[in-house]
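Should a chain be cited, it is by its letter among A, B, C and D, assigned in written order, with residues numbered from 1 in that chain.
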């Protein structure tokens, strides 16, 4: 329990940071989908550590191996298992953590819950766990592209106090995002973000930020009334990523400062049975169901918990001690989290696409 | 699909605003729990319309009838079915909506998804749907209180632009919350909130706001790694409520402005095996698992979509028209949403309590 | 948990024999299905007690009330809640059972599991619980008929030692089944079955039997590899009915006496892409997936546990006592179980129809 | 969907017969369970082909690799991923099947459902798929042994027409079962069974049989009322194994020949709050809930579909052709299915153990 996500397009992940490997089973993918396997690897490369000077220098090759579910690159309709072996393990890097709980990390709560935990590297709470999500999300993206031309794209909107305003969710491209190592499509702001991350990293400290994500050409009608509203499943999806502290859709918290007459999205006349609104405070979802406009969400990521600066903490016996992490840790996970957000959003959309097909495509 | 919530403590709701009734089945409640049935009704009274001058004047009696699962008020361990009959129906109030989609409401997307919809009152998207949640949440609250002394309490933190700062989640009481009809524990701010709602209501407009919710004496160890992190399930739970646009836990979006050394919650020495932190930016959850500190979340509610002011919209054929709602609608749903937020939070906690018991209580 | 069935076409039942009522929520039904509401009631009438001289004389009116999910008899795509009120309660009939566990009934195990139980009438283990199944199954039947012309029909094949051979699953009609009160389409054998039931009833004893069920015009391709094989879900479905002791598909246990060359169903040439086999030992399912032939299953029902004859048993303290049931109990539940079997089979088929549509209908 | 089983102790399998490998994720296992890893391998050795002269001579080494979820052989509470690589692949053996559907095998229905299928070896319908089940079942067995001293044991009761009567489910031991290669604890009957299998194999034909399985020292109270009755989940579990055609619990189909007064299991006085019955027609389950007596089930396995004898069939275009299998196939899968049945039964028990703990162990 807890390691599966989705109802019809359903994934189950496994793996600790320092065991034999990590991976995922994707169950429920429609058959006869021709997969671009290199595109799956490209997504993993976007999330892997060591990809640039603002990420941890840990080198993880992260080559994905697909064990099942395909015939000559075409889906069989059966479970697709993908595995990435663990390689670059330096348990010594985590030695000090074995005797001191990292503040605001999962060490202490895992120990309290299970009475045992992986000895090093964060175990199941490691960012390595997201490999399975990203690999599965890459398949979901290809399914969405094929079934409905739907595209999922995320970028860094803010790093620490530096925010990019004026990014147009309707126009930004993957090339815009990937142009800079910080994955902010505003190149000038991106430079300042990179400087900030480097400066904070030199202090032995860390920072967080905000990722924005858009879904373009989402099918009309995805999502369910009541509990499985599309925004509810999106919220769960991204809030299940490590280090997330907040979620917004459309107008978000700022929308609460408007009156109804200001906030409501007027419907515009259309001739084709589709819906179109003059504004998009709804963020593409109304009553829990996609209205065909762009779905726009934002996710808050806290600063990385593991830092080189010395901190007050306790050991496993509850006694006071201090901790200064020695490992190679990201000063800011936000740029690497961009493909993770895209993956989780794509998984939600793919699942609801199948659910909508299952219930509402008979007549 | 879509009308059930929870894995072990699982609820399924039903009902449109204007049919025979609405209700809920609670499945998985532990046996031999003595229920205070009046406490269930009290929670429903807190959410019902017509309870004060700042809510819709619609009178809905909302008396809950329990059909099963109890013997002399004690749970049998079998499904508890609760029904509230629909009574005060004035379909005429919704006549104009039958020909024009309300902007930012569910009318248009339901029609697009299902090709049919309840003729009036919002159908399944009506706030009446939350009756089942609140009734079930009232049982979850009693389970939590009995099993672990856990308490769930929410209040209005902001209405439109008026915000109450300085509310202490550790200290606020239900009496503080219920003292004013707007459910803001800061009485002076509450008065201004009420005035604002009335003023906006007189304009035929509406407003939203922010609700804060605390869980006190949460058990240590609830929540799961990866997808079913406690904050992820809380996010889904409250983002499934009508009119929500954002979710935060602990430091939330503001936490992204801090550095790791500022944001991390230092562990303090304890002698009893519990965890205790100097600050609570984590909001009581680390690595997806409760650490025993207070769980603190905030939820953004947009302004009510249905307003008396005339708006641009389209009819079912896609042609331009205007709509000025005639019905008796809340100018602000936020005060009535307080028990809804508490219910959803309690349901998540109860479910994870059982899940933790099921996996981790053997030895 | 435990009171829901199905993944996409999902039902949740509630209710004890002697509480406010029993019922069901059907979630996931496709929208815009015109329901014949009288057909739902007719199915309930087929299962209700007091319908003939070989059933219990208890009169239960069992009028179903539909609370939600419909507009003018057409499905909205939202949960359909159906309730039947409890009326004819004579707790006195069960007084003796409150102090003595009925042998082979659920009294003792419920008490052991939950530490509490409904005081009378079998509680959740009552045959009244099946009302929700039959009502939901009636909707599933209408969905199957509309979507694929699929028909589900069951009949009594054996009562105690009296067996009807020579019933052709391809040809038997509902009229054939309903012609006799024992629901055996072979009229001559039916007479002997009725006599046997009456004779055994006069002894204060009870008997069981075997029900056979056919699915005609089942779509090709329903069912999943591995765990959710169609026959596995059918087995669970019918083995969840009270008093069942065995399940067979196609050749069943007798098929194990054949060699592969005798048992294999040779494929015959077809021109239309459908499959057709010379024999049907497979019972319409191969590799867990329907092959378009008739699905044929058989279910064993044990003799009713509650009998008037005196039996050895224990009381709640574990002390020896005897019990001779005083209530009005069926000497044989098998004829009334016919619509229950049909309902469970229809629910499985409807669920797999939606699952197949959800995964395999994109291109 | 379809490749996961269980609610709390939940497994997800993957893998085709001729891809990179097969395996399973076990999610929800309690933490701090010391696993005997060799015992897992021993179970796999019991199911592997080539183990004796009555199984296929295909050699599959089937060494399991555990990728996650353990620390020094102790469970972490996180998902346990186990993989077995595919090695001995001779696609040529299956060449003829690529152009002709094997009668009564999954070739034709997979093609009909998915419009594509693994080119050889049965794909997901291969018996190799059961590796994941057996590996996961081996963990479930160890959990049951540790938590409640519960033991699961199966054996061959019948091969073709040769039946062993007089096996006492209360007394038979693993050593008795493993003493002969056919896994029938009656040594004299076992010899005849082996001869029969060899004789039928020489004919190029195949045969089936019946497996019986007992659960000893099952906890009292496992199982749920209504849909998730313990026998219903057991039925689904074993009917999801390849080649199964029937399921019985306790008295099974033969029990329908008894009267209630003969079939009911009289409760005997006990002093310790446990239940004890004079007979066990119930097969250890009453009202869907275990009563503490031995749980006894039987499963019918049809003769293997793939045989060397020439059979009538069709090709993918629906045209008539014949097929005589060339590969190395088991003349009888029943002996190798013994550990599969045990695994599925253990998985059901483990899951219900956790579910019972989750709902009913609070006070």
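The definition used in the following text is that a contact is a pair of C-beta atoms (placed from the backbone, for glycine too) under 8 Å apart; a residue touches a chain by one contact, two chains touch by 3 or more.
As the structure is a computational prediction, the values presented were derived from the model and not from experiment.
Visitor: Between A-B and B-D, flag the pair that has more C-beta pairs in contact.
Guide: Pair with the higher count of C-beta contacts: A-B.
Visitor: For subunit B and subunit D, what's the span in angstrom between their mean Cα positions?
Guide: Those two chain centres are 45 Å apart.
Visitor: List the centre-to-centre spacing of subunit A and subunit D in whole Å, with centres computed as mean CA coordinates.
Guide: It comes to 39 Å between the two C-alpha centres.
Visitor: Can you work out the whole-Å distance between the CA centroids of subunit A and subunit B?
Guide: Centre-to-centre distance between subunit A and subunit B: 26 Å.
Visitor: What are the residues of subunit B that contact at least two other chains?
Guide: Within subunit B, the residues that touch at least two other chains are 1-4, 7-8, 13, 28, 31-32, 77-78, 113-115, 124, 225, 355, 359-360.
Visitor: Pick one for the touching-chains graph, please: line, ring, star, complete, other.
Guide: complete
Visitor: Can you list the residues on subunit C that touch subunit D in the complex?
Guide: Touching subunit D: residues 1-5, 7, 13, 101, 103-110, 112-115, 124-125, 129, 158, 160-161, 200, 203, 205-210, 220-221, 223-229, 231-237, 239-240, 242, 244-253, 255-273, 275, 277-278, 281-283, 285-292, 300-307, 309, 311-314, 318-320, 355-356, 359-360 of subunit C.
Visitor: Where on subunit B does subunit C make contact in their complex?
Guide: 1-4, 7-8, 10, 12-16, 19-23, 25, 27-28, 31-32, 65-71, 74-81, 83, 113-119, 123-124
Visitor: Per the contact definition, I'd like the list of subunit D residues that touch subunit B in the complex.
Guide: Subunit D reaches subunit B through residues 7-8, 28-32, 77-78, 146-147, 225, 354-355, 357-363.
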